[in-house]
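Submitted below is the structure of interest, expressed as structure tokens.
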Amino acid sequence: MKITRRSVLGTAAAAAAAGALPSQPARAANKKLTIGVCSDFSGPYSDIGGETSVACVRQALQDFGAANKGYDITVIQGDHQNKPDVGAGLARQWFDNGVDLLIDVPNSAVALAIAGVAAEKNKTYINSNAGTTLLTGAKCNAQTIHWTYDTYMLAHSTGGAMVAAGGKKWFFITANYAFGQLLRDQTSAVVKAAGGTVVGDVDYPFPQTTDFSSYLVQAQSAGANVLGLANAGKDTVNSIKQAHQFGITQSGMTIAGLLIFLNDIHGIGLETAQGLVLTESFYWNLNERTRAFTKRVLPKTPANYPSMGHAGCYSGTMHFLKAVDKIGVDAAASGAAVVTQMKSMPTDDDAFGHCSIREDGRFMCPSFLFRVKKPGQSSIPWDYYDLVHTTPADQTFQPMATEGCPLVKA
Amino acid sequence: MNFGFTKAQSIGLMLMVLAIILAPFFFYPIVVMQVMCYAVFAMGANLLMGSLGLLSLGQAAYFGLGGYITGYLVQSLGLTPELGIIAAALGAGALGTLFGWLVIRRQTIYFAMITLALAEIVYFFAVQATRFTGGENGIQGIPRGALFGVLPLANDRAMYALVAVIFLACFLFVHRIMHSPFGQVVKAIRENEPRAISLGYKVEQYKWVAFILAAMLAGIAGGTKAMVMGIETLSDVGSAASGLVVLMVLLGGIGTIFGPLIGALIVVAMQYYLAPFGAWVIVIQGVIFVACVLVFRRGVIGELAVRLKTAL
Amino acid sequence: MLMIFGKPLPLLFGQLLLGIINGSFYAMLSMGLAIIFGLLRIINFAHGALFMVGAFVTWGLLTYLSLDFWWALFLAPVIVGAFGLLLERTLIRRIYKLDILYGLLLTFGLALILQGGFTNYFGSSGVSYNAPDALSGVVNLGFMYLPVYRGFVIFAAILVCGATWFLIEKTRLGALLRAATANPGLVQSFGVNVPRLIALTFAFGVGLAGLAGVLAAPLYSVNPNMGSDLINTVFAVVVIGGMGSIGGAILSGFALGIIEGFTDVFYPPGSAVVVFVVMAIVLLARPAGLFGKLA
């Protein structure tokens, strides 16, 4: 028998919010808003989401000047524990009790579950940390905006780069849930389109797997020259560390971490991670604006630098506030109204610069292919990346026509 | 219909009905509905533990299966809710019949371990049968639909009424069973099994039936909960849920009739109010287990019953 | 390349080796469980949590006291064993007279307390711990690359299991233990302090779990769920071997690790559940397990 954190019932996790929620917000009078950060606070995605996401949301409030503009905004947080039922229950309870924006949500399975609840309750939902393209595809809706990145971006950028560099025989180690499977499928498509082959694939139980040794041994014996990791967060960190223990690179394979965040590199260490190629849409040391944003937010999260998911929380919240400013707090009770407004305005912030939101809810930003520096090359803390290639926004994401989003008129 | 309620139990019943009627005005209806679903689940486990002294560590198999059956039928095949829940009861009952036949002859420890193993096997199937269960993603967006095709359940109040009716029906059913000739034999088996055998009762068959009933109740609970929450995932089939229901029965009072409800109420309320404290919920659940075993073996209702010198 | 059932031989050997490694942990943990059940008639559901505590103590010794792995190999089991002694004195002692299932429930509650406490403090993903330098690195065996540390684990596990088995079956102390299991009253009348013997036995069994935790720390990430992830499987192993049989526990542990490893090759999704299928089959055929006796 095991009772893990996962046994906590869905509605329960919202109790943190229950105390702080206004039961009948007197909205127009004093411009009250509530923002809920639903994330993974203690599991494999706690570093790429978690407390740093909350810090970035608060930074957005500060940079927007919410207090000066007369807004009274409460920020609450809840842990979805990587369980769709916990996340959906949380979202249901939050929306029933007056939360105006639900943001973050790493873990694609939870992300999709919450999208359904957001549509049912007509409340605004910005997903900043999950990968599934379904959020702007078959499962898109009028209340959801998909920020930061998606699996298509990763498959084409990292996947494409690895194939171009000679990686023709792939073996996938896949986290066995929505995100991992989708990432593997989309990357396989890229590999095959470029003339490569997929020689093997193994799906492991998520999120409880910490030992990848058996999958690594299988990869080695399958004769692949690329080890494709269709996973994220601490799973990726463990896979890469163990791959080195098993001499994967010595046996002639290169490691393709299809989704790697800056925080993962920090966990792996430059010694082991050097040379890895990855794709993010934000890097704190990329330009003057990103450096300025990072400098402002760091005091709130000194032990963990922001990576793209966190930056997306910042950017998404900023844009949300600008939209609400335009249509008014009363109108913001309708998620569809807010999202329509957000789609009609171009975005601009220090994290992503000038970007836009497409009709299907896809946030359009450029993506960057980075290579991890060698230990000697890194001079300041968390300075881990060299920029290899920039893909402009309109090529980064899947064309709307092929996505199958019901909102998009053919 | 003589249900065999004592005076204290009748008062308890009236209080319970009153509480159920008033609760949605004071508490979030979804949470109260969850309490009632888990109470039905616990009633089944209580039947096994209280009447027969059998500790099953795998009741979640039936709970989760019921939820998946209802979720799948209602969402993918468009069945009306009551058919979905009936199907859950039948499906869970069928599984209980099969598993019961496998385990019923085992002795205490081995009984517990086999039920654990069987539940793990069911969990494995739940992960693999993605077309039916959705695997790690679960079945999402289960519509409430319309009861009997005419009464829409999307409104939480309407759904609450249905859940309350289901709960009370199960409650009365269990109590009726325990006061029937069947229930008398079961009690005799509990008190002195060799004697019951010597009197000619086919003890194993009685245990088997009790096992099936427990599975059906779990299935009804799971199916109803799936309709309430609109989502059904692996956590309802896992050993966590099996452990949780044992906690509810233990805390409420093994063998009492109000025990399951009180146990479910305390456990669910605790998780709800203590959630801000993160994993402290688990720590406190552990403390309650330890306390119940060491000093509080009769559970809440059991202690109350002893104080009032009556059966509850 | 030679293929057996469609799988290349090197892969089968590789999985066999990995299976033996997992089996090492199963064997060590189930041995401790069998000892505790054999003498105390307690089903120690907290065994997995104590294994986890052993791993965390190992990490703590390095982080706070700068004591490395080799120190931890000796200190951690002692610390965990002492903790076990405390548990026995305060809690376990009170339930000897109760129905055996209450012991299960009590230790299950203990496991929750430990697991929840560590999760609160460390998060569910835990901390990382690296193998000592002397044991890091990789050996190319031809059919697979074997990390040196994993080879060490196999060696250490066989040593520990063998030594414990010898202790219980072949020494006077072990004989005393076995006698006390069979007839505590008689043994006590010979002047042996049976309660103390019981307490020390519990501490020893728990210490074994702690030792397994030390060995596991560099392998799996040190996280609060590492025990609960294992405990169901370990129980199945003990049941398969026969609940009081130490030799049975060791053999079943290694055997099931190997079976799991092969299942991982031929039918990967089944590797988590094959243990339970085997247990169900064994129990249906031999209700007391392979080497056990019905009490």
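All chains are identified by letter, namely A, B and C, in their written order; residue positions are counted from 1 within each chain.
Simple rule for what comes next: a contact is a pair of C-beta atoms (placed from the backbone, for glycine too) under 8 Å apart; a residue touches a chain by one contact, two chains touch by 3 or more.
Since this is a predicted model, take the numbers as computed values, not measurements.
Peer 1: Considering only which chains touch which, how would you classify the arrangement: line, ring, star, complete or other?
Peer 2: Graph shape here is complete: every pair of chains touches.
Peer 1: Sort out for me whether B-C or A-C is joined by the greater number of C-beta contact pairs.
Peer 2: Looking at A-C and B-C side by side, B-C shows more C-beta contacts.
Peer 1: Going by C-alpha centroids, which chain is farthest from subunit B? Tell me that one.
Peer 2: Result for the farthest chain: A.
Peer 1: In whole angstrom, how far does the Cα centroid of subunit A sit from the Cα centroid of subunit C?
Peer 2: It comes to 38 Å between the two C-alpha centres.
Peer 1: Counting in whole Å, what is the centre-to-centre distance of subunit B and subunit C, each centre being its mean C-alpha position?
Peer 2: Roughly 33 Å separates the two chain centres.
Peer 1: Counting only residues that touch at least two other chains, what does the list for subunit A look like?
Peer 2: If we look for residues of subunit A contacting two or more partner chains, we find 1-5, 41-42, 205.
Peer 1: On subunit C, where are the residues touching two or more other chains?
Peer 2: 108, 112, 115, 119, 124, 232, 269, 272
Peer 1: Can you list every residue of subunit B that touches 2 or more other chains, as numbers and ranges?
Peer 2: Residue numbers touching two or more other chains: 116, 127, 239, 243, 246, 278-279, 281-282, 285.
Peer 1: What residues on subunit B touch subunit A, complex-wise?
Peer 2: The contact residues of subunit B facing subunit A are 28, 30-31, 34, 57, 116, 127, 135-138, 140-141, 229-233, 235-236, 238-244, 246, 268, 271-276, 278-279, 281-282, 285.
Peer 1: Where on subunit A does subunit B make contact in their complex?
Peer 2: 1-16, 19, 41-42, 79, 83-86, 88-89, 92-93, 96, 109, 112-113, 116, 176-178, 205-206
Peer 1: For the complex, which residues does subunit C have touching subunit A?
Peer 2: Residues of subunit C touching subunit A: 8, 10-11, 14-15, 18, 21, 45, 108, 112, 115, 119, 123-125, 128, 136, 138, 140, 144-145, 147, 149-150, 219-221, 223, 225-226, 228-229, 231-232, 261, 264-265, 268-269, 271-272.
Peer 1: Quick one: which bits of subunit C touch subunit B in the complex? Just the residue numbers, please.
Peer 2: Interface residues on the subunit C side: 43, 91, 94-95, 98-102, 104-106, 108-117, 119-120, 124, 224, 232, 235-236, 239, 243, 269-270, 272-273, 276-277, 279-280, 283-284, 287-288, 294.
Peer 1: Note which residues of subunit A are touching subunit C in the complex, please.
Peer 2: Per the stated touch rule, the residues are 1-5, 41-44, 46, 81, 202-203, 205, 208, 210-211, 213-214, 217-218, 220-221, 234, 238, 241, 245-248, 250-251, 267.
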